[in-house]
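Have a look at these structures, which come just after this line.
In the two assemblies presented below, subunit A is common to both, partnered first by subunit B and then by subunit C.
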Partner chain A sequence: MVALIVLFLSGLISLFLAFAKKPWMVLSTAIAGLVAGGISLFTEYHYGYQLVGYEGLKFDQFAVFYGLIGILFTLLIILSGYSSFKQNLNHTGDYIALLLFSLTGALCMLAFTDMFMFFLGLEILSIPIYVMAGSKKEDNRSTEAALKYFLTGSFATGILLFGIAWIYGGTGSFRLDEIQTFIESNANHQPMVYLGLLFLLAAFLFKVGAAPFHFWSPDVYDGSPSIVTGYMAAVVKLGAFGAFMKIFGMTFGGLHDFWAPAMMGLAMLTMFVGNLSALRQNRFKRLLAYSSITHVGYALLTLIVQSDESAFNLWAYLFSYGFSTIALITVALIVNDSEDRIESFRGLIRRNPFTGFVAILALLSLAGVPPLMGFFGKYLVFAEAISSQPLLVVIAIINSGIGIYYYLRVVILMLQKQDANAPQTPRHSVPALQFVVLIVCAIALMFGGNMLIF
Partner chain B sequence: MDGRWYRWFDLVLSCQNLKALELLIIPCLFALIALVIPRNAMRYYALIGGVVSTVVALVHAMYFIPTTAYVSLVDPQWTTTFGLTYKMGYDGISLLMVVLTNVITLLILLSNFNKELASNRMFTIMVFFMQLALLGVFLSMDGLLFYIFWEITLIPVFLIALWFGNPGRKPALIKFFIYTFVGSLAMLLALMAIKMGIGGQAEAVSFAWADLMAVQLTSCSACWIFGGFLFAFAVKIPLFPFHTWQPDTYTKSPMAGTMLLSALMLKMALYGMIRWMIPLAPEALESMELPIIILATIGVVYAAILAIKQNDIKRTFAFASISHVGLIAAGIVLWNMDAMSGALIQMLNHSMVAVGLFLAVDIIESRTGLREMDQLGGIAKQAPKFAFMFGVIGLASISVPLTSGFIGEFLLIRGVYSYNWIIGLIIGSTLVFGAVYTLRAYQLSMYGPSKNFNFPDLAWNEWLVFFVLMVVIVILGICPQLVIDFVAPSVTRLFEYVESSKNIAL
Partner chain C sequence: MILASIFESGVSIQFYMILASILFGIGVLGVMLRRNAIILLMCIELMLNAVNLLLVAFSTYFGTGDAQVFVFFIMVVAAAEATVGLSIIVLLFRNNRSVDIGLFNKLKG
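Up next is the complex of A and B:
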């Protein structure tokens, strides 16, 4: 609870500090706010007291651990986007404040105890991102992305509300614990509950970008400014998946037999759609979007298989995925041309060895090559699922095999020599903050996996 | 104390046998220090690294008492929550592979010594990196650790081939990477299945080899697990229908890459069959034995015929490699003492022959710029030393008596023959075919009318490589008992172990 207030206030302060036209002040406020928010969140867990100021939010272990990586990712993203934020002095504060507000929403989505709070959190998470997606105002694609995200997002929100209403009709409560007891104590439910559950499922699959509700994500990822893409892939997904786990994994766990088959089919579909579409992409962020669809498919395995470790495994998976994405987005910010073609990575390892090295680590980690972090994340998810859903794991493994192709294509491009007759691309200098982000990501990707499975 | 940090601390303490861990630390250190070595000293530096690690491995082998069951290198007294134990150690079979790895790495560095490649920093780092990963594979006594090292080996060899390979290598390398990666994923699946339990079988305590062995499999799940391992190993060996990546990758890689692939990476898969695939799922061996032997036989004959038809000398030897290793794989699944000794000797021999033949190919290619046999010829007159050495290696490849190849192939073919005489007869044709393609390649390139190129004879480092190979081949050919005595107690123990775990299952 304190963390929420701290983050919100630091967002507010950085909004007003922007009038001073000194971007470093905004940045330091944001960093201080994030660090303070993280510490207060951690102490809430560490000292074991639950500050239940408002009964709609409860920072239990789940919320604290998911929230901490949300804060960490936001910090990394703000650091890596700082150089592009400060280009437009009038809006530096806006960008950073919007990201912080959105993070507040993500924390609400991780800590809610009733559906109201969940809905509020979702909106607080989404609305700043709708704005951020369109923040490259001179670019038509950015505007298109914002509009598309907004329209489809509102539609999904509508469906979600509709689902909540049906569930309220069926169970008579908005509170998660009451719904859970109701579901578990009664054997037969009214059709309303099932209908509502399906609406909820659709809305969630939309938010996390699973097939067949994924069509918005490539366009939005592609059109948005890179840094917003990174935020959407790392933090928005984290919030959405956290809430997904809370509602489906915990509250509606009793109806697992009802929704699991549907989700199983969709998870398989998601993996294949993401992977097969990614094979022929030429734009980097589109590739990232399709690869993120595939990763959503893998992450859905943790929801399908219910066990004590599900929440941890999902956390570990999103943790490893977030680091790879942030590293790649940072590299793209440094290197990519305005067209965002994959081709602009050619010869990166020679032009800019450190950046190239981190990018290759991130790509291989996404592909699941040991001993990088992505492998351990994947391993945890698959190992948990294999005893109850062997078929699903086999399909996921096949998809990992397909996936290696397009990651490898980019890796090879980075390792290749540049054509002699091609115009020489200048060596890119890496701003200090982005360098820090890259170093953090590299360390996490190389050694984080070992810590995950300890 | 926080549990996780304590474990890290304990991991360091548990390397009670620090003397033994040096096997892994040496290549690691040499790879790291190579970052700061000046470019013109690089080749000497690499050579020193190779010599040091070889000496260490040989010292280990000297102090190893064959009857000792198992020497533990890292043995933490805990397991992580998810079953990774970091257990490492060796018995006779592993140690043989370790020595082989270090010797072959040294020979690879030595044969590259007078090339431009040797002064390349990344090349040196990658060779040591590869050595480290290979040693990790051979020393791991933990399933997940084995898998992790197994996958890591892919990266240095891929980079060596990508950075220093021949033109047009990209598609071949992508194919190679995806093929082997998918194969390994099947192995990961099998490992996860055996650890987490499928089909009602109980969960294993950890990924430690002994714990995985203790799992009682139903015959159905045993087949799946065996199949998963087999897929990974069949791609790497390569067995018949999974071999399509191999000739292109061998041809497009630089000499060092080809040598690493054929002399060492392939042995990883054969070692994996001995250490992991069969012991973990012995229940499936009975039903999978025949299919594997048949595939191996098809591979032996098919690849030999293709080798005869090639014009590119490197491709000939690439197919020859498929042909030879098929026989070894067949020998391993027979799972008896004679065939296993044959397989182990033949593994050594194949590594020696592979290094020798690919070095010969590279010598020809770098001096004439050609690999096509119909354009070569008459080299023997200009380079008699080279012709002699190439001839010796060629004879070892044909398995002429007094070379190590003879002992290995004899034991293997005898094993297959006693298993099924028809298959034995077919697989025995490898002796004839081997003579045909090796002698054909030798004759077309070395004899005949002299073509117009200047062919200097062997440089000292090339001569030294050939000489070492020749000595080892002849010693093993005359006295194979050296190797057999070294590994026999370990092999017997492995057999007993597997037999006892099978009995409980029944």
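Up next is the complex of A and C:
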């Protein structure tokens, strides 16, 4: 709870500091706020103190561990986007404040104990991102992405609320623990609960971008400014999956037989749709979007297989996925091709050896090559699922095989020489903050995996 | 007289459920079929209001107040959402001189 207040206040302060037209002040406020938020989140959990009288939010182990990586990802994203934020002096504060407000919503979505807070968290998470997606005002593609994201997002919110209303009608409560006891104690459930559950499932699949509700995500990822794409892939997905795990993994665990078959079919569909569409992409962010759809398919495995390890495995998976995405988005910002073609990565390793090296690490980690972090994330998920869902794991492994093809295509492009006739691309300059982000991502991708296992 | 007797006996909860479902269905169909961005926004509002109706009906049925509080939250959030949505539509209109979503073809693949 204190963490939420700290993050919100730091967002508010950076909004006002923008009047001073000194972007470094905004940046340092944001960093201080994020660090203080992280510390207060951890101490709140460790010493177990709570703000008096309010039970809508509970920072248990789940919320704190998911929340801490959310804060870490936001910190990395703000650092890597700083050079593009400060180009527009009038709006530096706005960008950073919106990211911080959105993070506050993500924390609500990880810590809620009733549907009020879940709904509010979801909206606090989404609304700033609708604005951020359209922040390149003169660019038609950005506006189009913002409107598509807004329409699909609020449509999903409507479906979600309809689901919540039916569940309230069936169980008579908004509190997760009361709903859970109701479901576990009444063997003969009301049809209203099932109806509500279907609507909730559809809304969640919309929000995480799983097939057949994925159609918005490539367009939105492609059109939004790169840094917002990174935030959507890393933090928004983290919040949505955290709430998904809380509601379907824990509260509705008693109805597992009802929703798991549907989710199994959709997980398979998601993997194939994402992979097969990614094969023929020429734009880098579109490729990332389809690859993120595939990764959603793998992450859904943790929800289908219910065990004590599920929450941890999902956490590990999102952790490894987020680092790879942030590294790739930072590289895309450095290469900074306005057309966003994959072709612009040709010969990157010769021009900027370190940037190219981190990009290759991130791509191989997404492909799941050992000993990088992505491999361990996949390993944990698949190893948990193999005993109860062997078919699903076989399909997931086939899909990882397909995935290697399009990740390696980019890697090979980076290793190739540039044409002698073509105009030579000059060496890209790497701002210091983005360099720091790349170093952190490289270290995490190389050595983070071993930490997940032990 | 007929109206008074209906109010005294109370309309049964099923009617509210059916009405809310119909409203929600109209909203969903509108979002899927219409091409005008402002009408889409109105249809989304209609979906939210169907939810509000359903929640209030359940709240009266159970005799608890918490769903009514939820309804206020939904109204506030819907207002915030409409603000952002309308400003995005204004931005769109400035670029395209139209709010027809059929013009959205720059992002494909």
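As a working rule, the second predicted complex is superposed on the first by the 447 of 454 C-alpha atoms of A that agree within 3 Å, B and C clash if a C-alpha of one lies under 4 Å from a C-alpha of the other, contacts with A are read in each partner's own complex, and residues count from 1 in each chain.
As a convention for this text, a contact is a pair of C-beta atoms (placed from the backbone, for glycine too) under 8 Å apart; a residue touches a chain by one contact, two chains touch by 3 or more.
None of these values were measured; they are calculated from a predicted model.
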Note to self: On the A-aligned overlay, A:370 touches which partner chain: subunit B = first, subunit C = second, or both, or neither?
What the structure shows: first
Next item on the list: Would you check which partner chain A:261 touches, where first means subunit B only, second means subunit C only, and both and neither mean what they say?
Entry: neither
Margin query: Between subunit B and subunit C, whom does A:144 touch in the aligned arrangement: first, second, both, or neither?
Written below: second
Checklist line | subunit B or subunit C, by number of subunit A residues touched | finding: C
Check: Does subunit B (first) or subunit C (second) touch A:353, or do both, or does neither?
Finding: neither
Next item on the list: Once the structures are superposed on A, label A:212 by its partner contacts, choosing first (subunit B), second (subunit C), both or neither.
Entry: neither
Next item on the list: Could you give the residue numbers on subunit A that contact subunit B in one complex and subunit C in the other?
Entry: none
Next item on the list: Enumerate the contact residues on subunit C facing subunit A in the complex.
Entry: 17, 20, 24, 27-28, 31, 37, 40, 44, 47-48, 50-51, 54-55, 58, 61-62, 64, 66-67, 69-70, 73-74, 77, 80-81, 84-85, 88-89, 91-92, 95-96, 101, 104, 106-109
Item checked: Sites on subunit A touched by subunit B in the complex -> 364, 369-371, 375, 379-380, 382-384, 386-387, 390, 393-394, 397, 400-401, 404-405, 408-409, 412, 415, 451, 453-454
Notebook entry, point to check: Which part of subunit A faces subunit C closely enough to touch in the complex?
Noted result: 115-116, 119-120, 123, 127, 130-131, 134, 137, 140-141, 143-148, 150-151, 154-155, 157-159, 161-162, 164-166, 168-169, 172, 174, 218-219, 222-223, 281-283, 286
Next item on the list: Could you pull out which subunit B residues touch subunit A in their complex?
Entry: 4, 7-8, 80-82, 84, 144, 147-148, 151-152, 154-155, 159, 162-163, 170, 173-174, 177-178, 181-182, 185-186, 188-189, 192-193, 195-198, 203
